[in-house]
Structure formats: structure tokens, C-alpha cells
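Read through the structures below before going on.
Shared between the two complexes below is chain A, which has chain B as its partner in the first and chain C in the second.
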Partner chain A sequence: MENIEKKLREEAKLLLAEKRVDVIIGYEKGTLPFTATPCFITDPENAEKLVWNACCVQNLAKFVHDVISQHKESQKRVKPEDRKKKVVGVVGRGCATRSIVLHLQEKQYDRGDVVIIGVPCTGYIDGKKLAVQIGGEEVLEGSVEGDQVKVKTASGEKSITLKDVLADNCLTCRFNNPIISDIMIGENAPPMDPDHEYDEVGAFENLSTEERWAYFTKEMGKCIRCYACRQVCPSCYCKVCFVEQSQPRWVGIGADETDTQVFQLMRLFHMVGRCVDCGSCSAVCPMGVDLRKFLKKLDKDGFDLFGNRAGSSMDDPPPLSTYKENDKQDFIFDP
Partner chain B sequence: MEKRSIKKETLTGIIKKIAGEMRVFAPVKEEDGVFFRVLGEGVEPQINYANTKNAPKNIFFPRTEKMMKYTRTDKGMEFVENGEEAKDAVLFGARPCDARSFVLLDRLFDQEKYKDPYYVDKREKTVILTIACVHPPYSTCFCTSVGGSPTSEEGSDVMLTDVGDSYLVEFLTPKGEKLLKYFGDTQADADAEAKKKEIAEKAASEIASHVPAKEIKTFLDENFEHPFWDTIHQKCLACGTCTFLCPTCHCFDISDEVKGPDGVRIRNWDSCMFPMFTMETSGHNPRPSQKERWRQRTMHKFKYYVDMFNAISCVGCGRCVMYCPVNIDIRKIVTDISKL
Partner chain C sequence: MSETKTTEGWEPKIVAIVCNWCTYAGADLAGISRIQYPPNVRIVRVPCTGRINPFYVVKALQEGADGVLVSGCHPGECHYITGNLHARRKFAMLKNFLSYIGLEEDRTIFTWVSASEGERFAQVIKGVTEKVRALGPANKLVKKIA
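Here is the complex of A and B:
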């Protein structure tokens, strides 16, 4: 991992020094143990800050979309002959590159707008799982050493197997190496365990309608409408989200729990064939809403019905924006 | 001031007894953490917890609250006040930082000239029973930097301090003394005061985070425009986690929910982090990007509130530090500003 970090910093520094990119979006060390936080580097000297480890959580494609679209927006106020291009470099793990593929397929920006520094990924730590392992105590210090996570809390030091605290989406990840990249750092990472990716969904599907609805309402009952899930999602890039439209207003913000359910349901349905299972929404939720269960079900449907896995290949277009004569449609009449 | 001593193991029973007679909000363990909830029958209030995930502000200032109802009739609009008066209640198990947050919120919601009836009604009828932090629960706690302390009595009506084998129970206000009857007749030891002082000093010395929060006012006064404001916001997701979990953030939005001729006017938490927060009807947004929104949040807590109410609008609980999904750390922001 250290080697990857070293090469990553070298490549990032070079890209910035040679002005092949205007900014590098990566991760830097956070202020709390086991945190890495998104960073935006423009000065080649600051490339030293970049880190790549099991604490890097968020899908950086969200920021790629933000930076490019904000730049394009600002260029509208510039005379055509004076307009500048902005090239964004990004540290891209498998899921982030899937999102970039999706952005490209959805014509959000051009391939030339982004330089992908591909990194192999062996998964990130799920803070909620870690908290369970250490009995909810505060982490005072921590480090990842090989396949062991060393944690220091007020009651002492503990060593935990990394695998036991990796995020669920990482454990069963099918695409833990970049789908596309311009520069690849290090060797491809060994495969995770994709054969079991739908185990939980399978169990959920086998529940009765009432049980599934009960689970949905229980989970959505926790939501405080902070919109962290939507904000962190690379696929949620609508300029104005339907929950914020006021003419007409589609959903209320008050005490009616169906309003929150409608927000989450609509967001979920907007994710059909567009969720790359990066786990960011679940990771950032301050209330621990299990969003992934529902997203994974949609992902499974997308694959079962259309053979599609979002962003897995430039040649595999999103199912809802393509039409094939042999598309399955019986689910429309017999859901 | 009345002081009692209770055996530690009796506390849960006392709280449950109170809960049998009036509404008690208490820290309750749920699958994703500890939250303040109405203590239901058979539910254990948490005693030895670090701090809750949600701040208790929602007890006086709910996330969504009805203000009035109205109906369109042939004769015009008919308005009806919300009419739901608050009942006597107890907030048990607040931490001193959270109890102190109410003193700060009072300065806004309960001014001489302007009173927020919804907040004031609930606030006046609720007794706040605080548990002092004998050991600061988190290394991110920084209450001592913003005018509080792990054993601060500000905002509390009753204060419980773990003095080893028992709790020292101090009844700090007449409102708090209403609960006297539940806490037995054992007077606190004569040396309880000295013991508490010792505990307070030790607890304060254990606070690990020190933030120069009081030193940045001058910079903020003079630097509405400064390159520093370009350095915080880029990674901000523009979600509401920090403001919604914050004990002192209090911005709200008012909206109407209408069905046919009937409407309800409600107010809901809002967040300066949301792009919609300052969006004007014309489509113009005076805070067009996350940069201006972050400047606002910093200014509001460490300058505007000080200007208006002579207090920093932060109690140092550290929730925003712990739960920000992208690790935007207010301690770092303040420290960085102090170095400029």
C-alpha cells in the first residue's frame, strides 16, 4: 500500500507540474483516527498529502462531476474565444471509475475532461462495523497493518481482522480494479467475493411483502432528511432535486412519514441501472439507514432483466436509456 | 440549594418512577447509537453512555412543528392556533454541553422583545436533569474552549455527579426542586462540595481538544473577504448532518402543507449548508456556493452570535466533528483561522 501511495504522489505531482491537469481530486489524512478525507490539490508540492488506504471511503466521481459542471457553468459567462478547458485528475478506484463511465455514458462530460489515476482497491473500513467490534468505544488511535486493524481505545488496545470491518459492498465487490484509467498505479488487486453479492438481497426477496414493507418503513423512519445520501452520490447530480422543487411541490418536509418515504423511494428508483454499489450513501448516513439493501435489489433486477451492471463497461449502456427489441417487459404486466 | 445523595443503583428506578408520572425524555439505546427519546414502559434509560447522537434540542425545537391550521371557507380564511400546549416533562441524562446549549438557544428564542411561544412553552415546562461528565466522553470534546466545562451547571435544573459509590444530586433551580421528592432523604455529605470540586478540576484537565475559539473574533470582524474562505468548502457535500446534529443550530423554514381547503403551517429545521437555504424567489442566490455557506456557518457561530448575544454559539460537544461524512473539522477551521 505504501508503494502505491508513493507512486500515486509521484504521478499526481507530475500531472500537475506538466499542467496536464488543473486539479487532482484524491484523499488526504483526516483529523480523526481511521479517516481519510477528499482533497483538491492544485500545487504539485502538495501532492505529498495524498494517501491511499482502507480509510478512503467516498466515491470521488461525485466531486469530478461537481468540479467539471461548476466550471462549465462559470464558462458560460466568458466570451467563447476566451473559454478555458479544465481537466480534472482523480484517484480512481473500481467503483469511482464505474461512476465516471456512467457519467460519460450519460454525456455529463467528455473523456478528455478527466484524467484517471487508477488504483487497485481491497476495500474500505466501515466505521459502523468497527464501532461494533470495539463495543461502541471511541477510537483514540488506530492503524491498518497488513490484514490487521490495530485500535486503541480507553480500555486498551485491540487487534481486529481487517476483513471483519470492511464494508459489505467491498467484501462482495466485483469491480475492485479500475474499469478505465489513464495511469494505473500498482498491480491489479486480487478479486473480492462477488459470488455472494446478492446473498442478502436474496434473503430479503424471500420475505413476505408485509415484512419487506415493515423493514422499509423502519429504516426510513430513521431518516432526518439531511440529504447526505443524495449529496454524496455520484449518480445524484440533478441540478434541482425533485424534493426541492416548489412549483409544483412534489413532497412535503413535515411530520408525515410518507414524505420521507417518497423522497427515498424516488431516489431509489432514479438509481435503477445507475448505482455502482460504492456504498457511499450508507457510509455517510448519520442515522444508519440501510439504503444499500434496496439499491442492491435494484442492481440485481438490472442484471437479471437486462444483463447490465452499472458503469461496468463503456459498451454496456444504462438499461433505462437504451432500447432493445428483445428487452424483457413481462414485469410491466406481471410485476 | 438542596443536595441529596443517592445510591448509584437506585437512579434507573427513580427515573422510571418519574416516567410513570410524567413525560421523560431520556437517552435510549437503539441499533445505531444512543438517542434522546420519550422513555416508554420497559425501556432502560442509559446512564453510562458517552453522548447521544442527536442533540436534545428537538425536545423544545422539533424537526417539524405545527404552528397553525387554516381552512378556506365561503366567508374567507379561518385560522386556528396550533393549540397543543406543552405538558410538564423531564429531560433526563443531558450532558453539561447540551444543557448549556439551551441557555444559548434561550437568548434567541426567549428574548425580552421577541418570544418564540412554541419553544418557550416547552422549555418552561421541562426540568433538565444533567449528568456531569466525570470523564469527558470523547477526545473530540472541546467544551472548555467555548465557555463550558464537563461539569458546567449552566442550563441544568438538577445536576447529578458520580462521586464514586453514589451520585451527588444538586437541585439548582426551583424548577429542579419539584423533583426533590423522588430522590429520597439522604442529605449529601459535608465533604461533597470539596469532592465535586476535585472531580470538576480533574474532568476539565482531561479535555483533550483545545480550540482558540475566543481568539478568532477580530479576524472574523475584519475578513468577510479572505482567501481562507476558499479552503474549507470544496469537499463539503452540502448535507445537513452538522447542523441537524448540532445542539445550537436553530435555523428553520416555514412552509404550508395544503390539502383541498385545509392547510397546516409548519416550521421545519433548515440548514445553512443547503443551497436552497438562501434561494430567492427570483432564482438569485446571495450565497451561490458552498464557500459562502461555510463562511456563514463559521461567522454565525463565532461572530454574529457573539455580536448579538455575547456568546459563542457552540458548546463544544464535537458531534459535527465526529459525524461529518467528509471530516470537515470545526476545530481545525478555528485553529487555522487563529493562525492567520
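Here is the complex of A and C:
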């Protein structure tokens, strides 16, 4: 890990110094233990701030899209001959590069607008799991040493196996190495456990309709509609989201429970063939809504029906943007 | 969810979102051929099934429809060449997903009816009405109007 971090800083510094990129999007040390904050580095000297460890959670592709689209918007007011190009460098783990592949397929920006510094990934720590392990106490200090997480709280020190606090999506990750990269740092990481990817979904499918509905309403009942999941999702980049659209108004803004259900249902459904299972939405959710249970189903269906895994290859277009003449149609009603 | 509609005297309300070129014309043919079918269906005409936002289906359910039927041209017969083929993928996912979250599978029904199939249109409406009648009034995802 230290080697990767060191090399990452060197490469980032070089890219900025040679002016091959205008900004590097990476992670810096957070203000609390076990946190890392996304950061934007423009000065080569500041490249030393970059970190790469098991606390880097958010999918950085979101910021790539934000920076590039804001820049493009600002260039609209500039005379064509004076327009500047902005190249964004990004520290890309497997899921972030999948999101970038999706952005490229959806023609959000060009491949030349982004320089990907690929990093191998062995998963990140799920803050909610960690809180459970230490009984919800405040973490005073902490570090990751090999496969052990050392946590210091007011009631003493504790050592936890890293695997017990890794996020669910990391444990069964299929693409923990970058799909595309310009510079690859370090060796490819060992594979995780993708064979059990859909275990949870399969178990849920076997429940009765009423049990599934009860679970859905229970989970969505927690939602306070802060829209953090939407804000953090790299696939949610609509300029005007349907929840804020008022002509027509799709979803009511009151406290009605069905409005919340419909909001979540439709946001989830917008992720068909576009969810890369980066876990950012679950990680930022303040209420701990189990979004992954539903997103993973879309992923599973996308693969079962159309053989597509979101963003897994540049040659594999998003499933809803294409069709095959012999697509499955056993769901079609025939009287 | 607490208040349950009485099934007595209840008639299913079904929203049928149909394409202009095939199913709507099929419904027209059923009409001019004087073929009888249940009056439980409210038809919404759209240019093509590919134009249907999955949100229409969810919104209809939220607004109190007991069932939603989506029908368009048979694959390969789309007026816009491939609209229904794109729609087929969308609705395959939607149907699976709605039943995954716990809605009854028969509340959302997808089918194809061409312009010459007036008889089939009547059969579809009959079939859908029976299916929805068997399920009873919708009580999931339905917004209560104060």
C-alpha cells in the first residue's frame, strides 16, 4: 500500500509538472480517523497530499463528470478560438474506471479529457460495519496494518480483521482492477469473491411477495429524501433530476410514503445497466437504507437477460441503448 | 395501506398505454367490428412503445390503477423500425424489478397487438381484466388522496 501511495504521488506530481493534466482528482487524508476525502490537486507540490488506502470510499468518476461538464459549460461563453481544453487526471480504482467507461459510452466527454491513474484495489472499510464492531463508540485513533484494523476508542484498543469491516460490494467485487487506465500503478490486486455476488439477491428472490414488499417498504420508510445517494452517484448526472422537475411534477414532495417509494424505485430503475456497484450510495446514506439489495438485482437481470455488466468493457454498450432481435420475451402476455 | 377498499361492487381500473400504429388501430378495429370486451380499460395513446417512460407505468400504479397494460406492435413491425425492440428490453427489466420489490406480477402486463388483430385486442383486455380482478384492488404503492 505504501509503495502504491508513493508511486501515485510521483506520477501525479509528474503529470501536473508536465502540464499533461490541469487537475488531479484523488483522495487526501480526512479529518477523522478512517476517513479519506476526495481532493482536487492543481499544484505539483501538493501531490504529496494524495493517499491511497482502505478508507478511500467515494467513486471519483462523479467529480470527473462534474469538473468536465462545468468547464464545458463555462467555455460556452468564450469565443471559439479562445476556448481551452481541460484535462482531468483521476485516481481510478476498478469501480471508478467502470463509471468512466459508462460516461464515455454515454458520450459525456472524450477519452482525451481524462487521464486515468489506475490503482489496484483491495476494498474499502464500511463505516457502518466498523461502528457495529466497536459498539458505536467514537474512534479516537485507527490504522490498518496488513489484514488487521487497529481501533482506539475511549474504552480501549481493539483489533478487528479487515475482512469483517470491508464493504459488502468490495467483498464480492468482480472488477477490483481498473478496466481502462493510462498509467497503471502497482501490480493487479488479487481477485475478490465474485462467485457469491448474487447470493443476497437470490435469497431475496426466494421470499414471498408479501415478505419482499414488507422489506421494501421498511427500507424505504427509513429514507428521509436527502438525495445524498443521487448526489454521490456517478451515473446520476441529469442537469434536472426528475424529483425536482415541476412540469410535470413526477414525484410529490410531501411526507407521503408512496412518494418516497416511487422516488427510490425510479432512481433505482434509472440504474439499469448503469450501476457499477461502487457502493457510494450506501456509504453516504445517513439512514442506512439497503439500496444495494435492489441495485444488485438490476445488475443480475442485466447480465441474465442481456449478458451485460455495466461499464465492464468499452465494446459492450449499455443494455437499454441497444437491442437484439432474439431478446427474451417470455414475459409477453399471450391470451 | 391501512384502509382496504371493499371488493364488493369493485371493478378493476386498468390503464392501457398503447402505441398509435398497431394496438390503438387494433382497438379501433375491435370497435368497428363490434367485438365485445370489458369496459375496465382506459386507453392512453402514445406514438410508440419506445416512447413510454417506465415512470408512466409506476405513476399509473401510484395514482391508483389496479393494473397497467402496455401494448405495441409485434417485434419487427414497429412503425419506427426498432422502437418496440428497445421497449422490450426496458419492460423486461421493469417487470422483473416490480415483482422483485413485491408488487404482484400480474399488475403490469406487456403484450403486442397489431392493427389487424381486433379479436386479439378483445382477448387481451379480457385476459388482463380477469387477471387483475383475481388480484383484487391495488393496495401497494397507491397514494392516498386526502
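Everything below uses one rule, namely that the second predicted complex is superposed on the first by the 330 of 335 C-alpha atoms of A that agree within 3 Å, B and C clash if a C-alpha of one lies under 4 Å from a C-alpha of the other, contacts with A are read in each partner's own complex, and residues count from 1 in each chain.
Methods note: a contact is a pair of C-beta atoms (placed from the backbone, for glycine too) under 8 Å apart; a residue touches a chain by one contact, two chains touch by 3 or more.
Here the structure is a predicted model, which means the values were calculated and not measured.
**Student:** Who does A:212 touch here: chain B (first), chain C (second), both, or neither?
**Tutor:** Touch status of A:212: second partner only.
**Student:** On the superposed three-chain arrangement, identify whether chain B or chain C touches more chain A residues.
**Tutor:** The larger set of chain A residues in touch belongs to C.
**Student:** Looking at the overlay, what does A:189 touch: chain B (first), chain C (second), both, or neither?
**Tutor:** Neither partner.
**Student:** Would you check which partner chain A:297 touches, where first means chain B only, second means chain C only, and both and neither mean what they say?
**Tutor:** Second partner only.
**Student:** A:32 in the overlay: touching chain B, chain C, both, or neither? Say first, second, both or neither.
**Tutor:** The first partner, chain B, only.
**Student:** Once the shared chain is lined up, is A:252 touching chain B (first), chain C (second), both, or neither of them?
**Tutor:** A:252: touches chain B and chain C.
**Student:** Do chain B and chain C land on any of the same chain A residues, and which?
**Tutor:** Touching chain B in the first complex and chain C in the second, residues 252, 256 of chain A appear in both lists.
**Student:** So in the complex, which bits of chain C are touching chain A?
**Tutor:** Within the complex, chain C contacts chain A at residues 54-55, 58-59, 62, 75-76, 82, 85-86, 88-97, 99-104, 109-112, 120, 123-124, 126-128, 140-144.
**Student:** In the complex, go through chain B and note every residue touching chain A.
**Tutor:** Touching chain A: residues 31-33, 50, 53, 63-64, 66, 137-140, 234-235, 237-241, 244-245, 253, 255, 257, 264, 266, 268, 271, 274, 276, 289, 321-323, 325-329, 331-332 of chain B.
**Student:** Over in the complex, which chain A residues touch chain B? Could you list them?
**Tutor:** 30-32, 35, 37-40, 58, 62-63, 70, 128, 136, 138, 140, 222, 224-228, 230-232, 244, 252-256, 283-284, 286-288
**Student:** Which chain A residues qualify as touching chain C in the complex?
**Tutor:** Contact set of chain A toward chain C: 204-205, 209-217, 242, 250, 252, 256, 258-259, 261-262, 265-266, 268-269, 272, 294, 297-298, 301-302, 305-306, 319-320, 322-325, 327-329, 331-335.
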